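We just call them A, B, C, D, E and F in the order they show up, numbering each chain from 1.
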């Protein structure tokens, strides 16, 4: 793969390469911790995608996780446990703090967390997400913000909200019912936090393709990316925007918003 | 199965048992009439689910129909024929009654009917519905309000609105397009009132599992229920609520409602 | 097939027959041009469906394309190239025209184009669309407005927005996310404009049935139409309306709109 | 005043003149019946406003009622009494007709009635309505669709829904809460059907100006019309459209619909 | 005034009389505490309005507060201080309780509080509220749910959310921007919690009438009530429902909900 | 007035002082050009309000314009004329540029412009805007984003969209119908771009107070600010957020978003 463009070099947790003209490949790069996320990472994720969104040399983005074992194990519980605002309840000495002020601070913090992950959806360029191995919790939040999902045969997915008990959802519970048209299945996996595999993800439409190996899946994603990158970028970006708008509006409103 | 808790003993048409800790099993209990519903039944259904909603000893509910032949044959036509407000048109001597007043009464009646069935959706605890045999009309309205749908191989489903010609829908036409992401199929079964079976229901995602026998299906439902009951009840109930809210709101509105 | 009823005889590009009582069969009739559309055709399409909508002798409509090769190749590019308002950008001598006035004219024109195609959705009677052969671009816009989609084994579908680069979408991008509950797939085909075939269309739920031959598919559509035509037309038309309303509104709003 | 342009000459109940360049003056012309409306009139009203909407020689419309006594006395009760679909309840021999079919017919009829009156709102050009004398019922529906309301000192207004008991509202109950930001007053006049005068209408903001005489009020309306007609018609028409869109959408949705 | 009808006799905090045929007069009856509310009172309020809603002998309701000094001083702070769920933050020993469980309990409690006050809005009959003297906090929540507001010259209003700091609003902040069309004023009084008087309330449209004395104001309310009670109750109740629906929906949605 | 806090010193076009504890006073500071805006200014405005939003030493903001003659004359036409993306139509040699690409660039630009002005509304602290002298175009966009509006006797307001003919509105047309509940007046001033004065602004509720002099108006604003600053900042900021949310959502949605 090509070397990273200079404007994407300063990042600690993400590597950005260009495997083909107009295609950027973003890799979550904390494999020794199964690409689990802490706050500095999601702030950096937002920076990466904001730059990609307006970079004239990028038309399509492929998003993967480094290493063999995990796209992402989700929230880094150890780090989060040191971050009081991510705890739903509160610490031990509530009496020392104005509880309402703390609640306001938590809201602002959660809101920023949601916004960071949502930067993938807000990115004007299509994002193709390749999942493999452990893909838990935040991995689902992230991939629901991507446009196209591809995975490997060995992927293990799980929606972890009921296990983690975070004060608020980072997006899975809001987006998954609109990503997959099978409400019985959506509720099953969200209410139970059970694992599910690649075949099930393909059958319900959570992913569009399943590949035997991670290199094969990444190669397939890059092929789709190159195919899309050959189209008019204005039309492609307009299409992404209209499709996301249509998801959240009536047919009439989304049609009138274009004319 | 365990004996019914005392607060659920006074019901004529429903039996409530506890097959496992924190799991309630509600059985529609009018098997000699194929569990067809009349007004007293849906009023009682609402009472049952309101109590379950706030009962601290209940975390998950399994809903089934008694007998071998039917989850429910739907509306008890014979009983409904004696209930003039459920007739779309009106009786023979309209001139004797203020038509507008009758229309208002019908509206209030339909609205209460919808609310009774909707108490399953409003119930704060997840509801797993096990369908078998004849599952017509109101059986679909009811199961669309449940969170997870499981059925037996022999289930015969049908959306009966165009056959019954009720003055207003009790919920299927409003919920089914959001339960199953296949609008061509939804319109096919709703416009034709044709039967469909378990395989078709599974293929389009109306149900999540198909089992060979009713006991097997009920056992599977109880297993899912026990699995969910082992999670944090606050997180589980919050998840149900957010998922239902997300179905009806834009991603932005449902995210902001949590922060 | 029966002869066309007299009120449908004056059309240049559509043939309307009655293959069974209360069933109308509308054929797009420009096979020598692969049923590609120009402006006179979509204006005529609106006329046809407006008449069908209120014709008491019609209860269900079947829509097909004439000839062996295509349901429709989409927009007639040659004709559109002579129609400046369908061009996103503008002609060569912009300085001669008030650009804002031209934009307003384009908006009105696109809005009328959308409305013409939308007359299929607005038609009070269910519309069953049978696709075959080339079914590109406008073919998808049109079939998304139909209620039930059936196709032949040889159908080649493609969403052509990113290839055509029309100033605004005629409805596919707004309706497809609500027709098929698989957002990864919807984005894949919309962002890439790639072809897809009958099996894929069936698997994701874009079509409900696949038939080996065009006559077989048309016959199947007529059978469904006859089945529906035997039901209460008031209930059938009310069901179509509620289902479309439900697609665009919350469960609560669509339920209250009926009472 | 100038002679009517030829395309507006065939109307029975409306006179269209051009008191100034780019200004059309539409007069409801059934003064001997206090400009009360029957069905042929509202169908004609729609024709008039559809033509004005696209007429390049018209930029602003002034709407008045002929004669000294009334802008409009509302629905022509005598004519309506011969039109069974406008009756909420139904005629004497309901048993002879399929009640549901009749309900469907009534719905379609009311819907068309609403659409005819709504053609004033849909008209792309601003409409300035001058009310005088009796302005009851339909006069309010009509003027709520206009953009700017002016009246004479002697105007007597009344919202007549609770007196007439029509099967459905023609728009006042839907628009008035968004036209006047005083919900206590809106409910007072709508629930009581009481008369109110020009001063009250001005105080609550239902009208923008009150004039002593009808000629004075018409002259003031024409002055406003001429003032607006001197602005860029594209900007004026865009402004009308955005303001109406904003009324019905969130700030965010209405802002994004413009970009 | 007439004696209370028997079904309204069991209440501790409300007196219901019938000053005229079809008119009910509900009096908040805790004058020694300035009609301040505690939980038992708002539960009782809901019972009263639910009965009035379906009572065929009641067509219009007048709501007042007993005594000379206050319509209501709002929430009974002393009682609320003993009710931990109404405290935004939490008590002293948070570590003893599952904070998330407590949050869920608070939500359910607030939700029930909102629903009790909202029963005035849900009541199918118009409600005319007469405010006098101290009308703080909950007095505004309550009167925003009424349809028509009348007050005495000596009324002192205040929106107390920023003073009380309750965990959630009981409705004023949600309804006031739709009751009064002056957002600068709404924000002024809500952000500052400052007092305002009858003249200011009339000028901005919060009340429709100001009277010199409480008896005069009540008499005026009864006169309006009698006037409305003489109209068709079906039309009056339909009008209330449509107006409230219109407040919360687009013109198009509220029009289509009627047809 | 106090000296500006150090974090607000680097700005070219805005001066930030602290006239009282927890109160910030922001002054638009380009009096020699009547405080007209160019792009660098609105970008700076966003920076100012983003810092104020999270500054723990600020609870309320007062916004004024420097100099005697104008709060703001609006868009700096001279500067805008050199900024091609703010032109609705396009430059002279359209054939040299990809028109669609240019349209996309314009959209992004307008969207950023809207977001900059909207930072006043997004600011978590209440903003009190004091208008004086010339207050045209962008002055209205800006003040509609503020929470409370106060003006001097000599203020001349005008909504300039139809005069400027900008490609898209920066917010006035979207917010004004929700700020002032008098749609006839809103349309009058927006469609005509006519001037209006302080008395008219007060009568329709666009401003809450009118003062004889600018120092008097600023002093009054600071008094209101100090009064609000003495309340619980958490409750005040929550109130601002709920009121803005309520403006754009149904009562039910805004109530449920709080529980």
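Please note the rule applied: a residue touches a chain if its C-beta (ideal position, glycine included) is under 8 Å from a C-beta of that chain, and two chains touch if they have at least 3 such contacts.
Everything numeric here is computed off the predicted structure, so don't read it as measured data.
Of the two chain pairs considered here, C-E and C-D, the higher C-beta contact count falls to C-D. Comparing the residue numbers each copy contributes, subunit E and subunit F share less than half of them at their mutual interface. Greatest Cα centroid separation from subunit E: this falls to C. Averaging C-alpha coordinates per chain places the centre of subunit D 35 Å away from that of subunit E. Touching of two or more other chains is recorded for residues 98, 100, 103, 165, 178, 180-182, 205, 232, 234-235, 247, 249, 252 of subunit C.
Every residue of subunit D that touches subunit F in the complex is listed here, in rising order: 126, 147-149, 178-182, 205-208, 224, 227-228, 231-232, 234-236, 239-240, 242-243, 246-247, 250-252, 254-255, 258-259. Touching subunit B in their complex are the following residues of subunit E: 54, 98, 100-101, 103-104, 108, 232-235, 237-238. If you check the complex, the residues on subunit E that touch subunit F are 107, 110-111, 114, 161-163, 165, 168-169, 171, 173-178, 180-188, 190-194, 204-205, 247-249. For subunit B in complex with subunit F, the residues that touch the partner chain are 245, 249, 253, 256-257.
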